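Input: structures, listed below.
Each of the next two complexes has subunit A plus one other chain: subunit B in the first, subunit C in the second.
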Partner chain A sequence: MSARQATISDVETSGKRQALLGAGHVLLGKLGQALLTLWATVTLLFVAQAVLPGDRATIYLNVLEGYSVTRTPEELAPINREFGFDRPLLVQYADYVGGVLQGDLGTALQSRRPVTDLILEQIGATALLAVSAIVLAWLIALAWTLATAGRHPALSRIGATVEALAAGMPHYWLGLLLLLAFAVHLDWFPVVGGDSWRGLWLPALTLAIPLAGFLGQAIRGEYEHALGQPHVLSSRARGTDEWRVRVVHALRPALIPGITLTGWALGALVSGAVIVENVFSRPGIGALLVSAVELKEFELISGIILIVSLVYVLITFLTDWLYTLVDPRVSFERKGEA
Partner chain B sequence: MPALKLSLPAGLAQGRLGQTWASLSRVPPLVWLSALLIAFTLWASIAPATLVAYDPLETDLANVLMPFTTEHWLGTDEIGRDLYSRLVHGARESFLIGLLAMLVAIVLALPLGFLGALAPRPVRHGVDRLIEILLGFPTLLVALLFVTLLGQDPLNVAIAVGIGSAPGYARLIRGQTLLVRNSAYVEAAVALGHTRAAILFRHIVPNAIRPLVPITGLGVGKAIVWSSSLSFLGLGVKPPSSEWGALLAAGKGQLLEAPWLLVVPGTAVVLVALSFSTLFHYLQARSEGA
Partner chain C sequence: MTHERHSAGETLFQVKNLNVGFRTPHGYKRVVRDFELTLRRGETLAIVGESGSGKTVATRALIGLAGDNAVVAADVLRYKDTDLRQAGRQTLKKLRGAQVGYVLQDALVSLDPLQPIRNEIAEPLDAHARLSKAEIRERTIQLLTEVGVPQPEIRKDQYPGELSGGLRQRALIATALALHPPVIIADEPTTALDVVVQAQVLGVLAQLIARGTSLILISHDLAVVARLADRILVMKSGIIVESGTRDEVLGNPQHAYTKALIQAVPSGDTRGRRLSPAAPARIGRPRRHGEAAENDSATPILEAKHLSKSFHGPDGRLREAVADVSFELFKGEVLGIVGASGSGKSTLARLLLALTDYDAGAVLYRGLEWPRADDRTKRRVRGKISVVYQDPYSSFDPRWNVGRILEDALRLHAEDGHAPQRADLLELLEAVGLNESHLRARPRHLSGGQRQRVAIARALAVHPEILILDEAVSALDVSIQAQILDLLEDLKARYSLSILFISHDLGVIHHIADRVLVMKDGAVVEEGDADAVFHAPRHRYTQELVAALPHFDNSRGAGRHP
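Moving on to the complex of A and B:
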């Protein structure tokens, strides 16, 4: 409910602003917003690193050697020189922003490899998992909505309950149950997923089921509302096939909140992917992140967060455009009036 | 006449009692069940020793990795510790972490949400953008960042999860505050010439905060799930503890031999989280008059 409220108010405010800007500037405005978001992200991440308790060179040496002791200035000096920890914060900040602009996210302390390389090596596996999960989630949510919504009240209620249950499932628990049932007992899928195609099914399903629950909750209300609208009644009166009525006339307008939610759910999807990759021993950002936290690799964690927000910004941009395809009343120029 | 006067309060009281009873009996069984489960968890966090027969750290090497038996209801782990005892003794930590995380989230979200709705225009827009930007960060990633910054112990896990989930609540509070600010009764108060402070504290704050009560309840369940997720990854509370996420982390090595070591604490988290959401969704619906 909160998601929908927010969307409505967002549409209203952006509608006002867009009316002021005029049609041609809307895309430019959105681009500016996206850039602002990314700049703020970089700054927030830098501040988080800068205010971290403890001396960074000390932490680095302690992590490298595996025990915590107080370090002498002689020990710290070369580290500070190598990573530039001793320069003024403003210089470090300018350096960081400059680096990010060139795609340089710093160097991982332990492996001494560029953070960008480390992330690029792993992001493919996670992206594949996330995209498969989104596709699966949409298929499940659409099938479930068409099968249970706008039918007998009892069936509809069961459908909604199942959606709420699915949406609330913790990923690790769902993953464990699927793993135990389909990999250990039935032996349909490998226990250790690896990066095989057969190993992708269970992790993708684990991510997809809660997402499908969320999507279903968003679609159901709009779908049932649309079924009672005059245009549905009139197309039924014209003798249109029931499936056509449901899919074309009722389902299509109901997709909008689902699309909004998919963009918004990306964050939840990344969080979920980290856990799912851990459950199924899949390569990807998750494994990288866990090792980064264990080793206190701030550059690596910040880099991952930065890449994720970049993707998030892109997806938000994309969903805005997707609206126009689904609902002809919505266009970039007059989204607020739709 | 006097007799009537005397009997009226009594009759009223009876009527009220009857009403209370009638409204209580309308409460769906699922909500009762949820309340019962939360009560049990609360009891377990206050006085765990009254609910179990074994010490949570007592090892029994004759009964190692036992599945469910009458002696050990939920089985034993690799050194024969009773899983049910450990679960009950872990409730306090899981529960407190969830509660504290929610508190941190609300404390951070309240000023952001209020500023985003009530501050002068430029501040408001700045805060709005900030909330939107923070919403783009995945909760788990932010929590992991702060666990890294602060160190991995139960208190820091709670703080990290609180920070991670704060933006969502900030947005919620902002929306709620905007709704109240634009309401007719606030407009009326402005028209009547009440001072800004009076309007803020007598009308806007109480009405913006009231819906937060059920939302906070819902959030505790979610916070328990997040913090147990951190522990599950091995990045939160560490295994000697019997916090539910730590139990999961400890059980990971025995997935094939003793799956119940993972399934039981996982199910406990799910049931408690579901109970919180069922109970507080119901209360939310009731308070909105649905």
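Moving on to the complex of A and C:
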């Protein structure tokens, strides 16, 4: 009680300046956390490459020549020298970190091209797919929630059931189903997606529908809870339009769990993209990752992992900022306290 | 108050035989039965009754907001010339906000925490009038000024969480006032506010009435009702048991329930007499005694010496929550601590219970500074001091039934791992006016009063010498509060308890306390015998508190107004 009182009176008196100071402080802390996460990722990736079983020079030669045999030290020596595998681990580590800092993620073995270039070529398509999927998922989830939640109990139950079903649909199954129905049967969309706009619809929907199910489940509970709150009744008693009551007073607080989930979902979308890009023959990181794994292209895999981590960190920042937009009570400052 | 003033005014609301019920999974449940009401222009009508009596549902039904699963039927239900029984969505929407303003209970949850208050005030303006942005802005500031919110230009952009309880309540009233509707329905507008803030809100309501607004006031606080109402309806279990002018109902109550309600209001005049009609709980002789108490009434049983405690505020500044507080609690005494919310009362309780460590000073139990003693001593003394909070619900494990809750408390302090006997449980239940049938009940199945009884039983399970009650009756209806206060008096006598009674309610403190401490901003500003402090307050702050109290004199069963 007294703690709450303190917060209130202090906000009233000392004003925004103090809050901003606190916010700057916490922002620095968050930046530090983000850098720590990225550093840990880079280190883990290096350890995985340097320490995991399988001599790197052997793997390199095998990938290069296309067959697996045991190599003699004479064969390996020039490779080790060329890539510096014979140097002390710490030197190699410093070299690796230095390269990452300059955007050099190494060279892909088979294509002999820089990993950074390969990823940059493909990442646009995947980003477009992921963002479209998220936007679609939000649109579906919001429309579905507004249409079915907080109305007749039977309708609400149907709404929730459909959400649970959608959330449980595996991507490969849903993708094939959509492909068969809308591309093969109805011929509304191309069977081979490529990178055309028309080809984006089905892959994006494949990713969006299960995500919309998850989002809907998260939003629905909070939305129906908010509808029962006294401040909603308060608003209705002012003669406010029902539509406004629902959107402004009930839907807004319900967005918070949805935003949290979206941050998480972006990671899940990458694994979804692997499947969807294959099903719909789309270019993208997913396709690149699959081929890299098949070829044991460690540098390329590491590069993709690093980029995905970077995106994750950025998304976390973005969701933290979105919270403050939706709920003014959540400031960076308060989150820092908790 | 001139309650005949508008008696010839135009009839605004007319209700005959209103019945409201709810369809629930367990069948139809009727909540309001044969409700009747006539509201004339400029008149203030109060509806009193305990929670669950149907007063809120009945008034919500007037504007079609009884609930989605509500079944509303009436012979007459009209606002002016509009028959509300057939009213469609649009008609009701035009009624709400424009003709009838509704102020819900508890502004903390009745304002959207995510909206600055200017948006909430603009809402009815948007819904009913075509105003430009500048006009709305101007109107918002004007409304906030009207309800006495200082610095409206700054306040309008703040969120409910940034406002104090009093400002929040006034902002909520401003949202209902936006279009100056002829009728305002206010549901418990002063409940849970401390006395100074309550006086401010009452002032705002009195101004409304003076301007000719008709007010339907729902309240269980008879002092508030006595001050504002022209006519009073008394409801119990969904039925109007008595109605009439204020002086008729408060001065010469006919129904037993009304009489009991009036008798139940604690104040200085009720000291030493029972508030509830219920007979004293038949409390058996305690089966086990605590260790023989040193019968030395000269040494205080609990003592605070120059206690201080500071906390860091969110901005990093140090804020003194308890500042140099000293007092003594003697055996068998009730010491009351009053003060507004935020005055440090609850922090003080935590220091006394050794739940929070103090910065300076000492807490002494029979002369021993126990919070700084070794763990064994601490455990022993903990059993001597029990606490009951305002909301026991959150301190119960919802999966446990009453029997298990009490058993757990009994086992905690049973000597040499003695398993609690069924007889011990029954004795505890009996002591707090419950019985065997409650053993299996879970907290959510109990009423607020019953839950508080269980909390008291749990506190008694350890055979304490000292009971600390932190706003323990503040959330209860006046009739339930009366029963709990009576129960505490009985228990005090039976177990020779010393009680530290913390409350923001001056009436409660004056009723029960022998001596009183008045706290403000963490410090004790006045201390003395209850009668002396309340009848002849010396400190300015205490004088303000006492002056702000809407007085209700029930010693003769009659209402009086300041």
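The rule is simple: the second predicted complex is superposed on the first by the 311 of 338 C-alpha atoms of A that agree within 3 Å, B and C clash if a C-alpha of one lies under 4 Å from a C-alpha of the other, contacts with A are read in each partner's own complex, and residues count from 1 in each chain.
We take it that contacts are C-beta pairs under 8 Å (C-beta built on N, C-alpha and C of every residue); 3 or more make two chains touch, one makes a residue touch a chain.
Source: prediction; values computed, not measured.
Contacts of A:Pro78 after superposition on the shared chain: neither subunit B nor subunit C is touched. Once chain A of one complex is fitted onto chain A of the other, the partner contacts of A:Ile304 are limited to subunit B, with no touch recorded for subunit C.
Of the two partner chains placed by the overlay, only subunit B lies in contact with A:Pro170; subunit C stays clear of it. When the shared chain is aligned, subunit C comes close enough to touch A:His231, but subunit B does not.
Touch counts on subunit A: comparing subunit C and subunit B, the chain ahead is B. Looking at subunit A, you'll find residues 2, 5-6, 9 touch subunit B in one structure and subunit C in the other.
Every residue of subunit A that touches subunit C in the complex is listed here, in rising order: 1-3, 5-12, 14, 18-19, 22, 229-242, 244, 248-249, 252-253, 326-329, 333-334, 337. Every residue of subunit A that touches subunit B in the complex is listed here, in rising order: 2, 5-6, 9, 33, 36-37, 40-41, 44, 48, 52-53, 164-165, 168-173, 176-177, 179-180, 184, 191, 264, 266-268, 270-271, 274-275, 278, 289-290, 292-294, 296, 298, 301-302, 304-305, 308-309, 312-313, 316. Subunit B makes touch with subunit A in their complex at residues 129-130, 132-142, 144-145, 147-150, 171-172, 175, 178, 225, 228-229, 232-235, 248, 255-256, 259, 262-263, 266-267, 269-270, 273-274, 277.
On the subunit C side of its complex with subunit A, the touching residues are 63, 65, 89, 93-98, 100-102, 104-106, 109-116, 120, 123-124, 126-128, 159, 161-164, 172, 175-176, 178, 311, 313-317, 319, 321, 341-342, 344, 346-347.
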